């Protein structure tokens, strides 16, 4: 590269955005990373430990932090990219707050949002005291304290898979991929913290698709005595002791099952982020029927948008885990560089 | 003579053990079943008695079997047993011949030197004294070895020895003290009197040279008598009780008594005849391959003897039969274990009378005890067949074996019916191995019905597990053959034209076929006919178990894999092209444990068939292999 | 329980309930079994609230029982309902007030069908015209009669002579609310508060001073189910479903059940007797049964109408304790008096009679 | 309930098909898990049931039986467990290395003890 380095704007400072920024900066490009939150990091900031090996999330967090400590990277926080449009030979973006930024290319990494569990009304999230989400359980791990709303220690916890995923009733037919293994990871962590607490996973299919995920599942059964019941929980209510009562079909027994729980954890799935949706709307980026950004080809063009100079990285295109997100971000950089070199 | 009082412990012990033995034997005899009583009575006046004497001499005294297996161990046992025997026999002769009177109480023979301190300084007596010292030296050399074995088991080629109870320990100490104390007692007495031969005389004079021998001697005579007395008293409650009981066992066995399928006097005699030698532990694959060291037959027998809860021990055994093969006492360890596996047999027996009464009363209120029940099976009307082929449950998981058998039988023009082609009913052997004979009987009846109705002359099975139970527990007109036997028959008859495969193979004897049913030669004959058969490190009656055995109820898949890997390693040590077995279970187990190709004998033979099988078999008229079945 | 969570859901499921001018369509079984409920619904609306409710004697059954019993095809039931709409159109009414939850479900289903498949609406217009020569306008709103009482619950509360309060202790009565399945489970947006946490009866109970019981089997069907009940051999299912609910609510010691569906009221009341006969179990405190009331009856009680005029005595489970608790003076001896003062035969097998 | 009462209405109250986890008893499960820890490893693939010799003739279903054990549903288990022939074919199929044959054997033992009030 000669002269002034080319400039790439990255919309979204989560795992994908950070990895793309770091890689581009290493390659000598000037990067502007636009993050809507107070600091870059994304969802992982709330996480305590990561599957499949239950390593502390802090290890990956510090990797990501170091990744953007680079003089080529300019970070703008508390800002969103509102619109991307062509400008001369390059692109220009409108930022919230009314400013405009010009660049040679844009990588969209607006990521995902967790499904709003209140939309599954029958589970009573936001109504019953002890219905929480997987993200809230993770916060409990962070505080090293798993307790019911009244401060007492639970003796039975149920983890409900596929909340907001694979569910036409909430307009999500897609699988969020990571919830199954997250549930198994969290189940083990609960069992380790509270050995006398029974843990049940209610699943439709166990989608242990990644390396060492199936091993984790086996470990949960073999060494942690985590129980697995195949069936989607239909509804929850509370009984006179303020214990949750759930109904599910034990599909392996072919019979309905009722069980009391102290805490019900909803394994909330991934949805296209609202900010990303607005950006797509404003900029004319296509979205698939799953509402994630549609790439030009899901086999060999899965970082490419139909707009010249705009590339996609990470979970704005589909649910994925951290490993895949990082790979996807690096691939987005490769596509971007190829485009910039051809300019 | 006041100082003669020291004989009292010995006398008490001796009379105690004699009376005890008589009483115990009487009880055992009374508890025998009527047929067994008759067997024993007949045996007492016939050849079995002579056979038993011979066996007692060869095994209980000379320990021939152990000697063959392990000469040092054999010498140790022989020196102690045979040496002591000689000491008693020649001691008694010495006392009767050289003593004051010609019929003496046993104590006079045992303590001869005390009563005759000056004896044996010249002539025949001197020569005899030399002989007696030689016997004592013989025993002491064995004792030395025993001590070495006790503290350094590895030196004797022994891997493990069973753990001792405290009575065992005291008995052991008293046993160990007997001969050294006799040596010291005789030496001091000889030293004081200037008598004794090369051992007692030499040691005696040496000791007397600096010690007051006459004063010290009584102390050792007391010790000698006390250790004998203690040993006799502890004998019934220690592991050494096996010494007298073994004599009884030999006699019972030679009279034709067998273990059968329930607890009896005979199982009790066998229980007490076990010397806890630990040979069964050394050969156990569960021990040396899988590191499980608390379930071996020695522990089973010990648990039975001490009336412990042995449910876990009972279930956790491959039932391969290797221990029974090497048991120097000849205890029927397999059947003994099976008896213990029968539901509730043992747990009820352990209860006190009042508890048992209470239990029976409570249980009588339970309407239905859950037992296996196969009322759902429907009667079948099979077509007539000369030869009936029963693949067996496991063989259905190795379809290549079925295909091979079909090819072989078609090639030989055998008219057969495939009894369980669409899935059959289990033969019943696995249930028996789980201790559920009553339920097994239901399945046996079901299958027997089909076999009888088919009118088959030969029943061929591919599964050694089925084979064993067909032969032993089915009442059939048809001759039962394992497919290796059947293929051998077809080859001998000339109905099978086979080529020669230029492969070096090793053969693994399946437990149920080899040790279980005695079929060693036929498979080898078949294999040698089509390929080069290497010999295995451990084969025939000492062949290894693949680890997959249905005999074990509780062994984990991980441990099974370890045993399989170890066995496969041993079998393939000479790098054969192929590991051949004759059991679908062995095949599947080994297939996971070795890189070497694992095949069933039928597959090997099928590979040696000429290519155009189908067309030839059609042209040939059907043969009747049943004609040739007389030679089976 | 977080009340704000429920309020959020209730806010999401608000439907338009008109203020006045209702075309009333009645229920087959409510007018038969709980005649007082229907009568007092009209009376309260007209006399206490001053509303205009139009009844047309030519109005018929909606044939919902036949429809759910698989004997009336969907085309037919659309035509029957269209005829009701025609009557309303002819009378100049645009808001339908439906007394029956089954009918309400059918009206909802038909309106949704017409909305998504306009050709079915055209076909129905044609069918109706060919059969009767009538034409109709699709009504602007449909309301279940409980929706209407819900709308005016606070006005009723302001006029209340009694409250859902135990006058002896001053504590609210513990009330189980039961919503008919077809009220909102099929189309949550047609019900006040949706399907999971319906507000329609809860709102009334809260306004009138009672305490709601949210018990585990709250959502469960009463067991009516046409095919279950109509075939005698299937009634065991029906009975089983009711018992499941009773067992689930029993630990809360409820003072009464309020239902908004004629069938539910009927079955939750009658099955208590049947269960008593078959299993010897009587629910409720002191084994006096749990009174099952219609919301119209409860509104009538609140407004001070005579319980025997409301028809409370025609329930299998009698409400004497409940009335005492609320402080309503009603002479049990007058329960079965005819208008001329003569004694009517007393029903057998009353619970807590 | 007497026959008279059943006749009175022409119907009775249906029996519940519900597995009420809090009302059932998992002593049998605990007994089995303690003696055959590999039982935990079952992930209900049904390989055992597909291979089952007895299952060829009757409704015996080891996969479902495992579920009953886990849920504490003893009545159906009591029936199921009697149908197995203990042939051990399932052992060779199980992808998780569950000692399936022993699960049945121990389950039968546990039920016998349960019925005798000895569990």
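As written, the chains take the letters A, B, C and D, and residue 1 is the first residue of each chain.
Everything below uses one rule, namely that a contact is a pair of C-beta atoms (placed from the backbone, for glycine too) under 8 Å apart; a residue touches a chain by one contact, two chains touch by 3 or more.
Quick caveat: nothing in here was measured; it's all calculated off a predicted structure.
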Joint neighbours of chain D and chain B, given as chain labels:
none
Take chain C away without moving anything else and the assembly reads one piece
Identifier of the chain whose CA centre is least distant from the whole-structure CA centre
D
Farthest chain from chain B by C-alpha centroid distance is chain C
Centre-to-centre distance between chain D and chain C (centres being mean Cα positions), rounded to whole Å
45
Based only on mean CA positions, could you tell me how far chain A sits from chain D in angstrom?
40
Cα centroid separation between chain B and chain C, in whole Å?
83
Show the residues in chain A shared as contacts by 2 or more other chains, in ascending order.
258
Pairwise chain contacts under the document criterion:
A-C, A-D, B-D, C-D
Within their complex, chain A touches chain C through residues 118, 121-122, 124-129, 235, 237-240, 242, 245, 258
For the complex, give me every residue of chain D touching chain B.
35-36, 38, 51, 53-54, 56-58, 78, 81-89, 91-94, 97-99, 101-102, 105, 108-109, 111-112, 115-117
Can you tell me which positions in chain B touch chain D when the two form their complex?
315, 343-344, 359, 362-363, 366, 369-374, 376-378, 393-394, 396-397, 422-426, 430-431, 434, 436, 443, 548, 550, 553-558, 585, 588
For chain C, which residues count as touching chain D in their complex?
232-237, 239-240, 243-244, 274-275, 277-279
Would you pull the chain D residues touching chain A in the complex into a rising list?
17-22, 37, 40-41, 43-44, 63-64, 67-68, 70-71, 73, 96
